[in-house]
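Chain nomenclature is as follows: A, B, C, D and E, assigned in order of appearance, with residue numbering initiated at 1 for each chain independently.
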Amino acid sequence: MSVITAGRPTFRLPSARFAIAVLAVVAFLAVFGGTVTPHDPLLQDPDLALRGPSLTHLFGTDYLGRDVFSRLLAGTGTTVVAALESVGVGLALGVLPGLASLWLGRTVEWVLLRAVDAVMTLPFIVFAIAVTGILGNGLTQAMVAIGVLFAPLFFRVTRAAGLSLTRAQYVEAAELFGASRWRILRTHVWGKVVPTVAVTAAQATGGALLAVSSLTFLGIGVQPPAPTWGGVLASELGFLSQQPWAPVIPAALIMVAVAALNALADAIRPGGVA
Amino acid sequence: ACGDGTVAGPSGTAGGTLKWGWSSVTSWDPVTSSAGWDVHLLSLVYAGLTKLDEKGNAVPALATGWKYDAAGTTLTFTLRPGLKFSDGTALDATAVKKSLERGRDFPKSLIAAQLANVKSVTAPDATTVVIGLAQADYQIPNLFAGKTGMIVSPAAFEADAAALATRPVGAGPFTLTSYVQNSKATLTRNPDYWDAANIKLGGFEAYPLPESATVVAALQSGQYDVAQIPGSQVDAAKAAGLQVQVIPSLVVAVLDVNIAKKPFDDPKVTEALRYAVDRAALLKTAQFGHGDVAYQPFPKGYAGYSNSLDGIYQYNPDKAKQLLAQSSYGTSPVEVVITTAKAEGVPEQLQSQLNAAGFKATIEVIPQAQATQLVYVQHSKALFVDQFAGRDSAVQAFQVLFGKEGLMNPGRQTPPELAEALAKVSKTPLDDPSYPSVLQAATAIAVKSMPNVFLYSVPRILARRANVSAIPEFTVVQRFEGVTVS
Amino acid sequence: MSILLSVDGLDVTFDKHRVLADLSLNVEAGEILGIIGETGSGKTTLARAVVGLSPVRAGRITFDGTDLTALRGKARRAWRRTGQVQYVFQDPLRALDPQHTVARIVAEGLTVAGTLDRAAIDARVATALTQVGLDQSLAGRLPGQISGGQRQRVLLARAVALQPRLLLCDEPVSALDASNRNHVLRLLADLRDRSGVTVVVISHDLSSLAGIADRVAVLYGGRLVEQGPIERVLSEPRHPYTALLTASAPSVRREHPIPARALRPAPDHQPVAAFGPDACSYASRCPFATGRCTAAPATVEDTVQEAWSVACHHADEWRSRLVVGAR
Amino acid sequence: MSFTIARGESVGLVGESGSGKTLTCRAVLGVLPPGVTVGGGGLQLGDTELTTLDRRGWDAVRGNRLAAVFQDPASYLNPSLTVGRQLAEQLRLKRRLPRNQTRAAAVELLSAMGLRRASAVYDQYPHELSGGMLQRALIAIAVAGEPELLVADEATTALDAAVQAEVLDLLRHLREERGLALLLVSHDLAVVAEVCDRVAVFYAGEIVEQGPTADVIANPRHPYTEALLRVASLGDWRRRDLEVIPGRPPEPGAMPIGCRFAARCAHATDACATPVELSTVDDRQVRCHRAATLELVGA
Amino acid sequence: MTTLLSRPAPVALAKPDPAPPKRRSRRWIGTLATPVVVFVFSSLLTFGLGALSPSNPAAAVLGETATPADIARMNHEFGLDRPLPVQYVDWLFSALQGDLGRSYFTTIPVADSIFAALPVDLALAGLAILLAVLIGGAAGIAAALRQGSRLDRAVTAVASALGTLPPFVLGIGLIIVFSVLLKALPAGGYVPLENGLGQWLRFAILPALALSLDIAASIARQLRTSLVGQLGENYVTGAVVRGLGTRRVLFGHALRNAIGPALTVLGIGVPMILGGAVVTEKIFNLPGLAQLALQASGQHDVPLIQGTLLVTVTVVLVCNTLVNIAVLRLTPQGKR
């Protein structure tokens, strides 16, 4: 397991600064993206369909003549919320059982471990498709499915961090001072589990972004005309012959966001993994 | 004129294999096949008593000819002698009788409704089949050119009917030799086909269609010789040096409207809908302009096409607004749910157009496979974005679209004058000079009295590599007489 | 002198592996006791048993009249908060929370006890750091930012800050070089001399005890084989293992009375019997073992010297069997 | 710095932590850590100049003429291969034994290192052996190619006293049996005193004193040697005041120009601020301005 | 993945005469028995998903005219009127005998559809894994050997970039480059292996590449990290000092120990490859399991969905077990 050597996130790295800048913009757009668009993201003008970039339409227009730039801005919210939704489900289903597996005895531990193994064998997108196939096609169903698949990740990470801590000598030392479990959790455990979980959450958010766009490509989850990054990308791919450059913009947007999340994960990774 | 040899072009060496990109079939059994487009692939392995020529007129096939009696209730077909199914069994009048009766009586049959009017099938001798009809119906030869009339080997369905879904036995131009669901169907030329002389291809391979983004590349790389492409790819295909044929078809985009459901229970709203739709704009985005704006179920040039309907519901949002205001829903935006299997494209655009005309439209996506259930069977949707694949017989088309039991008539109501007009069509022999005008009158009544909103015609766009000769342009069912590949 | 800590018949077992067997040992108030034994002999386990970190299967541990083995839950926590017994971990890097500063680490015991206010705690921390010879400027550093010797002292300071009566130091100097070792050992001696703290020093080599321990206890295979005043035990060992230890200790003077080789079994040595789990723990390595050694020897007090006990069947006569060859 | 080792001789290097002992060994072995290079001078093994060797040249020398053992034997063996396989590999490569003979030869070599049940040990993985056994196995691998010189960097530091004595015995034995020259590194003067003919005392990357072990110990000429002797274990178990060397060695980046030990030296004068060379008296070398005048106490 | 993280055997320090350890055999049993337990859990999950489904297949199949009696009869026919545990056990045991039920809609046996599609996935996944190992392995080793060089940085950068790329972009990108621009390979479709290796490879290579690049990137990164770690280990210095040649040190020693984590990545990659296959199959128009799942999902065809899930999970478990066995054989301690 990782040996934690230094406590502070290394935000001074240029990559970390870049990541934070990117994510700040994304966060801003997720909240206000719908209000700062130069055009109505839903406004169609078939006569202007599939035009290249211009001053009025920075990133050009899509197959219905909608402003791609506005759609990307307005789509940030749904995209980010979807990704966060799945990560939230993963956190809820992963972290608590992860801790429970450490505290609630061997039987619970065994059952949880096997259950996690079982979930880990599920192929990502096939499972999401199956869930939406059975429970209905919607963003929530798809994201819950993805979240379920993230749960083992959080489970393992939490458990690993917690496991090394239940055996850590400084925790024993604190016990020897008569510290209560709660105090130990607060002063020694929390500070180490949280960054690890945060790292995983950042990476998982990146993964969720990719999963959302893949599912959108397959027609699962968010439905048009609601704009999303993955949706814009998927639809631009249908018009490659008209605008071969067009998919590059949403693809780059997704890539940059995912890269920023990965860089952020590296930055908050406690002291690097030994 | 048996519809053969109409293709100009070099008759290349027989024996080439044509690789065709097309939607795969739901079943190889014409009786249980559930999709309209299956007919194209099915007609590779099955033959009917009749077939349709380029314009959609019934011409002889397995039968050399037919004759109605004076009342129009008895129809006698004369079979070619010595016909054989691909399993080697004889295709005689008895086989035809059994095959037709199965289509009518098989519990899982999806063509039973079309055959409901067939009272009896008798086989007085090996080459004579007599169809007894409950009511006069001159459309039967057309009807028998499609799935309904495809003759299936009784030996095969008597042994194992379920196996037909993957192992068809017919007497078509080709025989299916291997089939992997969603993957590939391999067919070889059937030398016993009655018109084998005109089949120049040695074999046929059908593949499912790829993503529209990659179809041109797939053609270029030689993965397919011919493929159906979306309108958006026409320019790309031409630019890639492919031959593109835009073949008019009976397929038409249509909105199924349920007048039993809100808000269409108010005729004003239904009428407003007709004016609220900008068909030209839809055609442009959906098909990049390939095809025509449609106000009626038939394409221009088809017998049932009525000129009087041209431009009848010209796009007029103001009029739509007015109509809505007069409706019982008042002036506030009228809420409507657009149901579709795929929200991208037309439904999105439709939503925007409706909103501009005083509606408040939302989109609801249902799985394609559930559409039949929810829209056609349970009639639980008010407005469904649909396509009508056309039917071999005009009356049949009317029945599907407007009949009381018609799939695409979720409101389940047919005005009496339409029923009357239709009965008249059935009773008019196809070669009767008044037939077109009778049919056109029915079309006009239907379009004016029924809620279905026709949007645009959907031509069959085929792109082919240079090694393939031109594809004959059949409106209804694609055929391959004379096609060569080198 | 009074007995401060008494270990009586201690038995510790990890998953069927008996690590300490029937171990009895007294620590007198104000003394420095050295516990010595090879790797894996159970020294750490013993110390951890005293502070309640080892799974004790049998036996009693009494500290100044309090039965520590009987303490559970709240009572144990309350007792621990008094800080009377402090255990200094073997591995300083692992025993320090990498995210806490030196000052916070040293203050932890006081903060947990909650009897002092902030200022008093700060003062105690400063005193403790001075006591162990650490510069105040280190107070703000993290454990990763100081040297091994300094970490060892931070660990000591954390214990000292609580003004304990008994200090259990687990290998406090084995990772240090000679000069630094002496430094830390001096510190322990000072603590005892100035504050009267009783100190137990655990070690695997004799040099760590040089010059400071009053008494020494020798562990082998989870049993106490010999204990007594350090000078006597090391100059005239009565147990063959103790003798081997002293003979093996490297010395600049090459002055050992018995060469180590004579105390090891010859390469072709065949054990006289099969030694089971109840045998003398040293029997399988002992060149003097006989059939008697298949039973664990009783602990025998020396008749002359008080508090010098040995557990060996052949304590009195193994020397006579020595084959002293040339080196 | 320079020192020589005669055929079959054993030389000890002693000094505090960080004085450069390990770097010296690594330089001899040609495995300096990245970023560290030999600044000048040469390394001669017999008549081969080592510093100019390429990788292939080194591979021919290492294992055949030059071998090494280190402080933490467990980490110097591949954890996922049995001890026997690693020894056999060495025998095959360096002694050109055919495959079918290596096992017997390996088992014999392991027994010669004092390992009991050598053929069982052959099939065990490093983590299944105790430290003492591992060090013997490592020595077996080292001497498998019958080298002329064995470098032992703190080879016994991590072992228990009793085991350490056994391993030191083994090294002595190997010298006698095979005429192996030994370069033994330790921070414990006592260990070097046990095994080595000559000793070189290191301080801050320099040799400060060098000579026959017994002489150096009995009669140190450099104050640092004296200080080391004072803090070393003396086999004296009475309670007494323990001595320490005050201060800390200079940091590698901040070496004083003069005598590097001056700051911690009880005998330092102003003269000590000037650079000082290694001077040779009889068979002793000392790096001290006051070597001739000081009266130092030995053990 | 499952047994890898089990606790390392405590390294007993004092062992004058260590007995041959027993733990190894216990680890073997764990490695082989755990997948069975996990399979039961996964099957429960798969079955439960179907049981959760709100749609009643009888009603769906029978349609509008169905009477309650018809539905009851149909339910009985499907066996849906029995208690869930009985249904589960029955389903599982039938599944173990290769009977996965029949599709609600086409009534084609699910097993038939799946076993027609499975070879495509297996062949493709096999090729993808091979490519991932070759590409990722070579890149990782090269980067680790020239640590800090331009090559190393390039490998790291490309590997990170691949991890941020939506999978379908990769697929379409490959088509554009190799099919449209270079016209070297077909843009989609599939021929089975029986038609000859060369033919098959022409069609399989692009999708396999699209599937593998992601995993290759992970392998490269992981291998680089662990190899750099191993190359810094003492035993490597030890091997160098013993005069073993560069190649021997790398392949005989360092790589052996570095490969474990990379193999684990591969183990985790198998479900990713099979999961990613959906997108790839759609883009390249391949008749695989994922297409089947997508189609079944569109039809709410519960038996078909359950069947595809169960078969995929089984494939994943088998692969993982193989990976675990490989890791076990390579590293006697399991985990260092």
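Worth a mention:
In the analysis below, a residue touches a chain if its C-beta (ideal position, glycine included) is under 8 Å from a C-beta of that chain, and two chains touch if they have at least 3 such contacts.
Just so it is clear, the structure is predicted and the values come from calculations on it, not from any experiment.
Any chain that touches subunit B and also touches subunit E is listed here: A. Counting only chains that touch, the fewest steps needed to get from subunit B to subunit D is 2.
Across the assembly, the mean Cα position most removed from that of subunit D is the one of B. Which two chains touch most often is answered by the contact tally, and the pair is A-E. Think of the whole protein's Cα atoms as having one middle point; the chain whose own Cα middle lies nearest to it is E. If you average the Cα atoms of subunit A and of subunit E, the two centres end up 22 Å apart. If you average the Cα atoms of subunit C and of subunit D, the two centres end up 30 Å apart.
Centre-to-centre separation of subunit D and subunit E, using mean CA positions: 51 Å. Residue positions of subunit D touching 2 or more other chains: 116, 131. Shown for subunit E are the residues that touch two or more other chains, namely 13-14, 16-17, 172, 176, 282, 297-301. The multi-chain contact residues of subunit C, meaning those touching 2 or more other chains, are 38-39. Those residues of subunit A that touch subunit C in the complex are listed here as 4-7, 168-170, 172-180, 183, 187-188, 191-192, 271. Across the complex, subunit D is touched by residues 38-39, 177-183, 185-186, 189, 204-207, 209-214, 230-231, 234-235, 244-245, 247-256, 260-261, 264, 267 of subunit C. Remark: subunit A residues 113-115, 117-127, 129-136, 156, 160, 206, 210, 213-214, 217-218, 220, 230, 233-234, 237, 240, 244, 247, 251, 254-256, 258-259, 262 touch subunit E in the complex. Per the touch definition, subunit A reaches subunit B in the complex via residues 42-44, 46, 49, 63-64, 133, 137, 219, 223-225, 235, 237-242.
Taken in their complex, subunit E has these residues touching subunit B: 60, 63-64, 105-108, 113, 116-117, 120, 172, 175-176, 179-180, 183, 185-190, 282-287, 291-292, 295, 297-301.
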